[in-house]
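Starting off with a structure, shown below.
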Amino acid sequence: MPDQPTASERFLQGILPENPVYRQLLGLCPTLAVTNGMQPAITMAVSVAFVLVCANLVISLIRNLLKPHLRIVIFTLTIATFVTIADKVLAAYLYQMSKTLGPYIPLIIVNCIIICRCEVCASKQSPFIAVSDALGQSIGFGLALSSIAAVREILGTGGLFGVQLLPAAWPDWVIMVLPPGAFITLGLLLGFVNWLSMRKKGGRI
Amino acid sequence: MPDMKSIFETNLGQAWLVLLLAIIFGSSLAGVQAALGPRIEENKLRETLEKVPVVILGQTAVDELQAKEQTLTILPNTVSVTRQGVTKFYTLYRADFADGTTAGWVAKTSGQGYADRIELLVGMDQNAEKVTGLFILDQKETPGLGNKIVEDAWRDQYSGKSTATPFTVVKLPRGGENEIDAISGATISSDAVTNLVNQAVSDLKPRVAELKTPEPKGVN
Amino acid sequence: MNYLVDIILIALSAAVINNFVLYYFVGICPFIGVSRRVDMAFGMGCAVTFVISIAAFLSWTITTMVLIPGAPLSSFIGGFFMSKEAAATIDLTVLSYIVYIFSISSSVQFVEMYVRKFFPALYKSFGVFLPLITTNCAILFACLTIMSNVVGVENPADVWDLGKSLILALFGGIGFTIAIVIMSGIREDLDICDVPKPFKGAAITLVIGGILALAFMGFTGVDSGLRKAMTRVPETAIVVSTQPSAHTAMIDEFIRGDMNK
């Protein structure tokens, strides 16, 4: 059996080298939908982190009881439960943000990142490794969301977190906070990240 | 046949795990619902009820009341108006001062805006003779354009105007009665809000008389 | 007549104006990875539409019959354990998401069996993509939209019935199909273009998706204009009634509770 990456290696892998959005292209639905402001983006990243860590932990604890046939059912059940909990907690304590995020919190259930991590890592590794993997991926996801949200919010409203940063004379690029802006920003940033990693690999474009 | 038997065994073999997990998760969800459900309901209602005094009296007057530790009593009513088989529901709130006199009325109404539904509160004084204010609860209009209906300056155009004549949206105000200056680039959103206000006022003005408290006997 | 207007507007809105892919960002994964063959993309779109409709039917039925407070099945079963009034307040909506995702999985299984039986060649060409439809956000999104129009709606007149839910699901799927067919047609041409290396693949597809979304933005406001054109509401009211409702009673209780604090 080949050497499995250690816990800390998995943690670091998830942040940049195997970033769920930029490198694995998973979980694009919330990435485009909630990044029109920094606040929704960070709330979403925290929610995904909660669900990912809890789901990985639970699946890893019962990994020896899983058999091939019903494991997808069990993954789905676990993830749906934690997403419901996250949704209720948000609605209770951050009601305005919950309304802004709307249906995208329940859509975490079908977020490919979580099912993918459960399948690839949690169902085969010990809880400690599973949790550090989950944390790494969550931080990577949060970084990706924040980078896109920062670009969209600054160009679209002239500020971050609702605080005006650019001078009032800046004509807001409203398109940035609308759907087309989401697609184009992600596409351009993705191209940029690809270019950086190609350079790092020592090739020439 | 042996294939069927082994499939049966493996599936049944793990069915107990699925059932056990389902029961555990189900009960934890029930617990979460019991703990947080009331709080969520509260959040929904509080959103509207906090705004009712502000729409009637204005923020400064509400702050003064709060400083004196007084609040307005709010009584809700549902009014349904039917036209040609189409029923529209309003929630009409009556706000009373501590001494029992009516401070004013607030109607919650919603309708189609430019991009999606707009939900708003429109306030009237105690005899429904004047519009006291407007508050947009929910909207998804274009940011930077239709979005401006939430701005104080635009909403203040409705405050203090008489309910006798309907509001009209104009692009160049000429100083006429009940003219609302449209947001440049967002005529449809401005139209939508004005129509909602007009319809609410005309539908509910007659109802106000029905639901008013009788004046307290004697003069204070 | 009014019902017809509502249905037409829901259909138009789901398919074109608020397109699932280009406005609500659901169903992006198959959109980005769509094949370069238009007929494959069309087949994928049809499969998704089929699954969405079945899933929406299941979701609406279970939500209305079992989950919401006062639903027939839950109050019937609850009636065995507690009084009729208490049974009418059993609120199982906290289980909604679990119910929806399982009804989606079952719909996908059902469609898979159907396609394998009747269209074996199509089944082979789909390969692994058919089971992957379970993780397609568009289906769960349709179920969630239906839920938000059935659960916790203030006006009883605004609650969606089965017809409106199915129309939303069907035309949402059609809108998804439109989007991915357009995208796959563009990708066919993209293969012979000189795309810079960092942008090859997902990045350029996203940028093109953005331009498509920009084009579809031109449809905003069509539904409000259509609604105005199709409905003429007379100025004078005919029947007016003032009465308490469940919603008002809830507000009343809340206020009294507040005042007693």
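The chains carry the letters A, B and C, assigned in the order they are written, with residues numbered from 1 in each.
Criterion: contacts are C-beta pairs under 8 Å (C-beta built on N, C-alpha and C of every residue); 3 or more make two chains touch, one makes a residue touch a chain.
Everything quoted here is computed from the prediction, not taken from an experiment.
K.L.:
What's the contact topology between the chains, one of line, ring, star, complete, other?
P.N.:
Basically all the chains touch each other, so complete.
K.L.:
Considering only mean CA positions as chain centres, point out the chain farthest from subunit A.
P.N.:
The chain farthest from subunit A, judged by C-alpha centres, is B.
K.L.:
Which chain would you call central, comparing Cα centres to the global Cα centre?
P.N.:
Smallest offset from the overall C-alpha mean is found for C.
K.L.:
Subunit A to subunit B: how many Å between their CA centres?
P.N.:
About 34 Å, centre to centre.
K.L.:
Starting from the mean Cα coordinates of subunit A and subunit C, work out the distance between those two points in Å.
P.N.:
23
K.L.:
List, in ascending order, every residue of subunit C touching at least 2 other chains.
P.N.:
Those would be 94-95, 98.
K.L.:
Counting only residues that touch at least two other chains, what does the list for subunit B look like?
P.N.:
Residues 25, 29, 32-33, 37, 142 of subunit B each touch two or more of the other chains.
K.L.:
Listing for subunit A: what residues touch at least two other chains?
P.N.:
Answer for subunit A, listing residues that touch two or more other chains: 73, 77, 81, 84, 88, 178.
K.L.:
Report the residues of subunit C in contact with subunit B in the complex, numbered from low to high.
P.N.:
Residues 2, 91, 94-95, 98, 154-155, 157, 220-221, 223-224, 227, 231, 233-245, 247-248, 250-252, 254-255, 259.
K.L.:
Which bits of subunit B are touching subunit A when the two form their complex?
P.N.:
Going through subunit B, the ones touching subunit A are 10-11, 13-15, 17-18, 21-22, 25, 28-29, 32-33, 36-37, 39-40, 43-44, 47, 142-145.
K.L.:
For subunit A, which residues are in contact with subunit C within the complex?
P.N.:
Going by the criterion above, the answer is residues 25-26, 28-29, 32-33, 72-73, 76-77, 80-81, 83-84, 87-88, 103, 106-107, 109-110, 112, 115, 175, 178-184, 186-188, 190-192, 194-195, 198, 205.
K.L.:
Under the touch definition given earlier, write down the residues of subunit A that touch subunit B in their complex.
P.N.:
62, 65-67, 69-70, 73-74, 77-78, 81, 84-85, 88-89, 91-93, 95, 156-157, 172, 174, 177-178
K.L.:
Of all residues in subunit B, which touch subunit C in the complex?
P.N.:
Listed in rising order, the residues are 25-26, 29-30, 32-33, 37, 41-42, 45, 49, 73-87, 89, 91, 112-115, 142, 188, 192, 202-203, 206-207, 210-211.
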